[in-house]
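Two complexes come next, and they have one chain in common, chain A, joined by chain B in the first and chain C in the second.
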Partner chain A sequence: MQGPLGKFMLKHPSTLVFLGLLSLFTIIVTIGSEAFGYGFVSTSFVKTLGKTLCFCLIAIAMDLVWGYCGILSLGHFAFFGLGGYMIGMWLMYERTRLIVINAAENAQIPMTHQEIQDAIGTQIFGVVGGSDFPLVWAFSHLFWVQLALVVLVPGILALIFGWLAFRSRVTGVYLSILTQAMTLALALYLFQNDSGLRGNNGLSGLQNLPGLESTDQSLISMWFFWASAFALGLGYLLVKLIVESKLGNVVRAIRDDEARVRFLGYNVEVYKLFIFTLTAVIAAIAGALYYPQAGIINPAEIAPIASIYLAVWVAIGGRGRIYGAVIGAAVVSLLSSWFTGGQAPDISLGFYTIKWVDWWLVLLGISFVIVTLYVPKGIGGLFDKFTKGAEQ
Partner chain B sequence: MSGALLEVDGISVSFDGFKAINNLSFNIDSGELRAIIGPNGAGKTTFMDIITGKTRPDSGKVIWGEENVSLIKKSESDIANMGIGRKFQKPTVFEDQTTRDNLTMALKNKRKPWAVLFYHSNADDRAKVDDIADEIGLSDHLDRRAGDLSHGQKQWLEIGMLLAQEPRLLLVDEPAAGMTVDERNHTVTLLRRAAETRAVVVVEHDMEFIRNLDCKVTVLHEGSVLAEGSLDHVTQNQDVIDVYLGR
Partner chain C sequence: MLRVICALLVALFFIAPAYGQNAFQDLVQTHAPQIIKGSVKTAPAVIADIQATKSPAATRFLQNWQSKDLWYRRADDLIVTVTTDDNKTYTLLGLADQSVIGTAQKSEIKQIKPNSGLRGLLGTALVGAQLASDDLATRRSSLESLARDPAPEHLAPLRAALNAESDVDLRAKMLRLERLLTLQYDTDTDERIAAINGFAGDLGLDVRARLNPLLDTRLQLSQTPPAAGTFARMINPANDETLSVTDAYDMLVANGWASAKISPDDKRKTLIANIENGAVGGVDIADLNTDENRNIAYAALVDAGIAPVDVSDADIINAVETAYFYDTYSEQSPAVIAAAQTALKRINTKVGISQGVDLFLDGLSLASIFFLAAIGLAITFGVMRVINMAHGEFIMMGAYTGFVVQQVITNYTLSIIIAIPAAFAVTFAAGVAMERLIIRHLYHRPLETLLATFGVSIALQQLAKNIFGTQARPLTSPDWLGGAWQINDVIAISWIRVAIFVLSILFFLMLWFTLNKTRLGLETRAVTQNPRMAASMGINPDKINMLTFGLGSGIAGIAGVAIGLFAKVTSELGSDYIVQSFMTVVVGGVGNIWGTLAGAAMIGFLQKGIEWMNPSNTLAAQTFMIIFIIIFIQFRPRGIIALKGRAAGD
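Let's look at the complex of A and B:
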């Protein structure tokens, strides 16, 4: 292999293995999909897999900020959700506009521009009793601006929040509580009807891409699956490059002894801010890919519990090893949708029936405790023997 | 003398009414080796905290270098970059990383995240790391996890990290704690050699160690200077005998 990237891959074969497995997985799903192959992977399952890849991407971000930098953020799903909202606004606006224009063509009297705008407004905001566009929708008709906002809004929020928190040297559990407060405050704000983002209804119909109404979902689901796989591969490579650089060493040193790093002359706050903001942006991109596959986003998605789940995925998968985060997110989120989706057979004990929909959380809680106590390195830790040997 | 490298003038600091440092003044010249002794609670560590920016004094001045910069409102990292290195009482090296990574991180280089992210190891830096490893006797341990080193080796690694920072003033807190006799002798040699090119301040309890350092001694007591001079001079001082040696 040639070039600096090739050298990097040879030095860290686990990256090559990961990207290889991800490509293989993508090919298998493509061959099995209804759109391109034999159809043994249903469209709804393609969506589930695509969404799982997005969870893996945000788990990588969580591993960088928590596993490597030692910041236990319990608010990264806020950035994931904001990314989803930003792309969702364009999807919803544009699709509604096309519907309104379509309807207008059949009308006897042509509609004025203002009438069209009003009709779109009524369509979107009628559910919260309004028809005017709130200020936050100012750019919703511009795809590229809204796409930029996917990274800018969560990025700037993380920058401001992180600057305030790190500058005051808030660390450890206090910082975790602060991040929980941030995501809770954001969720509560979005729940309000006058937040401008349709309150608890959230944004819906996001699976329908504007202008592609005649394109089958089996095809669209594959596009998003590929995009998610590509983003995950890119995110993995980026985070791996960072943690293996000298900056990675400094970041790990901050995790282990922040005060000592200061006396080495590194401005710890700037480093934390960089990692916090970067991971917020990665989370936002994951969210922007997730919600068009989920079809709907509402404020409940960024409730504090979501970010706690994220920490649980990474802890079970294994902190401080990026593939661990991927394994944790994939295994736990897929198991979760299996158990809570009603597919898992209930267990009848005669006097009591274990319904997995209710008991899954208990099972997850118990596994979390067991992993924390007995397998602190998580599932990913089981692979350490191979990777450490190969990468030294 | 054209002015001290570090000039501490009348600093005081109290924690919850307890005066940890009380109107303390202290000067050190470039290239000077100095030992600070004093009973527990004399304010030795607080004194270092103030110089390195960890603690802000309630009053007084801390003036650094030829340009007479005040250190009082500077952050820890700024002070470190201005040329003051600090070694803690308990060895604090980054145990998860190799000796080489520890030293490379400490090497005097750009400290901004962007420069650090795109840092590429070069022959110059590798040679510096090898030299320091040689000096601290860890050449054969460069690729070991720092956590696997012995207690004494960790202390040396930390001194090596300080040397790598190329500071003009080294503050060393109890370097000999928990060391064997041989290790102590090696540490004395290291510090004396370091003092040839920079100022070194050593806080230590061990009198034999201080005697081997063979330098001017400052005795602290209840947050201020009790006596200053050669070891023989201060050990004959009646005040010093009363509060420190006599017990």
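Let's look at the complex of A and C:
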């Protein structure tokens, strides 16, 4: 191993282990996929796994902001959703444009630019009774701009919100409630029909990549799976680099005693703002990768409950250890989809049949209480026993 | 002898109605020629004569006459009503009591068809007859039907009835309708103006419904300027909101003063129809993807005489500028218009004030709902600093308790009286259980309390869904809480909301008293500020925490019953209120129920205020309210009423 990154890896072998396991997992899924291998992993399951990787990525962000910086944000799914909306706008615009142009292929005279725009507008906004493009769609035809907006819009929102919140020294549970209010406000705003983003219909058909209509979904799902795995690996590395640096030390000190760090001369607000904004951007990237796999995004996705589930994943996985967040997000979200998907066998008690579709949330809620009370370090805490010597 | 008398009595009994019938029928028959001919000139005398009998048969006869249900026998002009099963053979019915007189073939009888003028006359007579009826209920119902669909000719009988009316209440209503009809239909301008002035400041919808038509305008256009004084206002389509240039031009086209603009779609069709060798008018088809090139191609077609000349935008503006557009009043008398304008202005001012009051009441009501939902939190979160995310679920449990009680006890009043303590008991128990099992282990880890109680919240929500299903359960309010308190025609507030307002005031007083004037309150505050010191003074902190938390939860249960009365009871009831409740407490200021009151008032009035500015969109109102609160917290991070000194804790 050469260079500073190599040294870092040697110093923190857990990173190497994680990246190795992630690569192994990716290779196994690739071999098992319908597109490249034996086909024992179905396309829909590849999508589920890809989506789970995106959840793991946002869980890492959540762990950084909560587990390391002590800010319990109950609004990070707002950034996740915004990232999805930004990429979704381009996907939807471009695909509709291709459909319109295809349909006009046989017309006797070519369409003018305005006619094409009107046709796209009618197709996209017909459901909310409109046909004009709202201002927020101004760049939807430019892929690179929209890709930049994936990062910029949630980033700037987090920057403004964080600046307002931190400068007035809102901390602890107040900050949690404020972030929850933010995501609720955003969700309610997007629910309106004249929000410009199709109200509660949301954006749909995102799984179809423009210009790749003939490409099979099994192939596309693998591309997104790889992209999600790559993003997760990169995100893990980045967050690990941050928490192991001097910056990471200050951030952890802020979590443990904010006042003392301030008295030592550090500008606490800047550190918190940096972490908050950075995690918002990571969340947005996760969202931008997630929604093309999910195919649809609507405002219900960013309701406050989603962000609370995010906290649940991280808490169950174990805060303050990045792999813990990954484990928590993967285990809980996969279990959740297994139980609520009706795949789990029902348990018959003779007088009553436990249907997991109905009882899974009860189980999750109770186990969450138990984890908080008795296993505050989460699943990741179990690994501490093995890694203690190696990490220190 | 007795037998003879009996026989005579029986005979008399049968003869008497027969005689009555004959009398009315005979009366009608004396006017038979006029009735059959049906002229407006002769009819009033006939109608007056028939109405003079004051019998129900007379009213029925006039109704039948008006609705073309009278027939006469050709042979002897006998006037009857008929029924038929097959449209061939008709059964003839007498006019007095509709007894069967005989049968006739279609050819033997003929229908009496009064013309519209006569039918109007009959209608007026009928209205007059009903308004002059001896029966109060008939007079009342006829006045109501008259108010729904008044006509100018009703004015005279109404005035006649007004003078004769003895019932005070009905007389007042008649007078009001008479004034309304006067201002709209009277022929004397001064009378009308007097009537209009009489209504100045009246809030009734009926007044506005009669006054507004007086100011109706009609859009007119002409090629010469209208004479001064004949129009309400001139319209310049170039800068007018009510009439755009396009619409104005369309009016010109409709009047035949200009030729229509050719739509882009028609142009496209014309171009397509004239494609020759892959080009139109010298322009390649592939180049027809801009409006500019299409216009060039079309112009070429026009030059070739194939297509009609299009109107340019400049032409349209010119054409519109040379014509005159103006509004005229449909009402003729300028004095009446002026009076109506003044009266409406005063009415609108009053309506505006009333709407302001109404908005204030709405805000007050919303504030009391928020207060009720948040007051439990004011204790658990505000005083004890415990974040209870399951608070909303306690509200839901209270509402479901009310529902269950109503299933057992069907008397709504009784069931509400029982439901309130029952809901308190259930949620008090749940709160105490939660405090003992979960929260007491987490007093030093507030963020984790949030998460653990959230776990409880999702478990409870799903449990409620499993037990009660996903559909909304009704919680019916007793009759005395139904309906609304109508203060005037604009201001109204439902009794349930009044009850909720009263309930929140009661809660506030009760809590304020408990926290500030009782031993429990003193101990609660002591434990919150310094548990160790409190313990050393002989207070049992465990017990106090348990009771305080139970109290806060129990109040949430009662709030649940109140909220369930106007909102639908579902498992998501609680989560609808949880964020607003926390914001109410945070905005108001933690640790102080005055603060919660202030927070609820601010949020309630703010939301109603924003909704008033944009009434179609309550979602946007909530969004803007939350944004406002986020900004508000910047300036008062500790809420409206902030604690100072040691009580503030950290």
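In this section, the second predicted complex is superposed on the first by the 391 of 392 C-alpha atoms of A that agree within 3 Å, B and C clash if a C-alpha of one lies under 4 Å from a C-alpha of the other, contacts with A are read in each partner's own complex, and residues count from 1 in each chain.
By our rule, a residue touches a chain if its C-beta (ideal position, glycine included) is under 8 Å from a C-beta of that chain, and two chains touch if they have at least 3 such contacts.
Note that the coordinates shown come from a computational prediction; the quantities given were computed from them, not determined experimentally.
Chemist: Using the superposition on chain A, decide if chain B and chain C clash or fit.
Modeler: Here the two partners, once superposed via chain A, fit next to each other without clashing.
Chemist: From the CA centre of chain A, what is the angle out to the CA centres of chain B and chain C, nearest 10°?
Modeler: It is 100 degrees after superposition, to the nearest 10.
Chemist: Is A:40 touching anything from chain B or chain C once the two structures are fitted on A? First, second, both or neither.
Modeler: neither
Chemist: Chain B or chain C: which reaches more residues on chain A?
Modeler: Comparing chain B with chain C, the partner touching more chain A residues is C.
Chemist: With both complexes overlaid on chain A, does A:250 touch chain B (first), chain C (second), both or neither?
Modeler: first
Chemist: For A:185, using the defined touch cut-off, is the partner it touches chain B, chain C, both, or neither? Pick first, second, both or neither.
Modeler: The answer is second: A:185 touches chain C but not chain B.
Chemist: Applying the touch criterion given at the start, work out whether A:263 contacts chain B, chain C, both or neither, answering first, second, both or neither.
Modeler: first
Chemist: Superposed on chain A, how close does chain B come to chain C by Cα atoms? Whole Å, please.
Modeler: Across the overlay, chain B reaches chain C at a minimum of 6 Å between C-alpha atoms.
Chemist: Considering the complex alone, what residue numbers of chain A touch chain C?
Modeler: Contacts found on chain A: 72, 108-114, 161, 164-165, 167-170, 172-174, 176-178, 180-182, 184-186, 188-189, 191-192, 194, 304-305, 308, 311-312, 315, 358-362, 364-369, 372-373, 376.
Chemist: In the complex of these two chains, what residues of chain B are touching chain A?
Modeler: 52, 54, 75-77, 80-81, 85-86, 88, 92, 94-97, 101, 104-106, 111-113, 116-119, 143, 161, 165
Chemist: What residues on chain A touch chain B, complex-wise?
Modeler: Contacts found on chain A: 242, 245-247, 249-250, 252-253, 256-257, 259-260, 262-268, 270-271, 274, 392.
Chemist: Could you list, by residue number, the parts of chain C that touch chain A in their complex?
Modeler: Within the complex, chain C contacts chain A at residues 268, 271-272, 275, 280, 285-286, 288-291, 294, 387, 389, 438, 441-442, 445-448, 450-452, 454-463, 465-466, 575, 579, 582-583, 586, 617, 619-620, 622-623, 626-627, 629-631, 633-635, 637.
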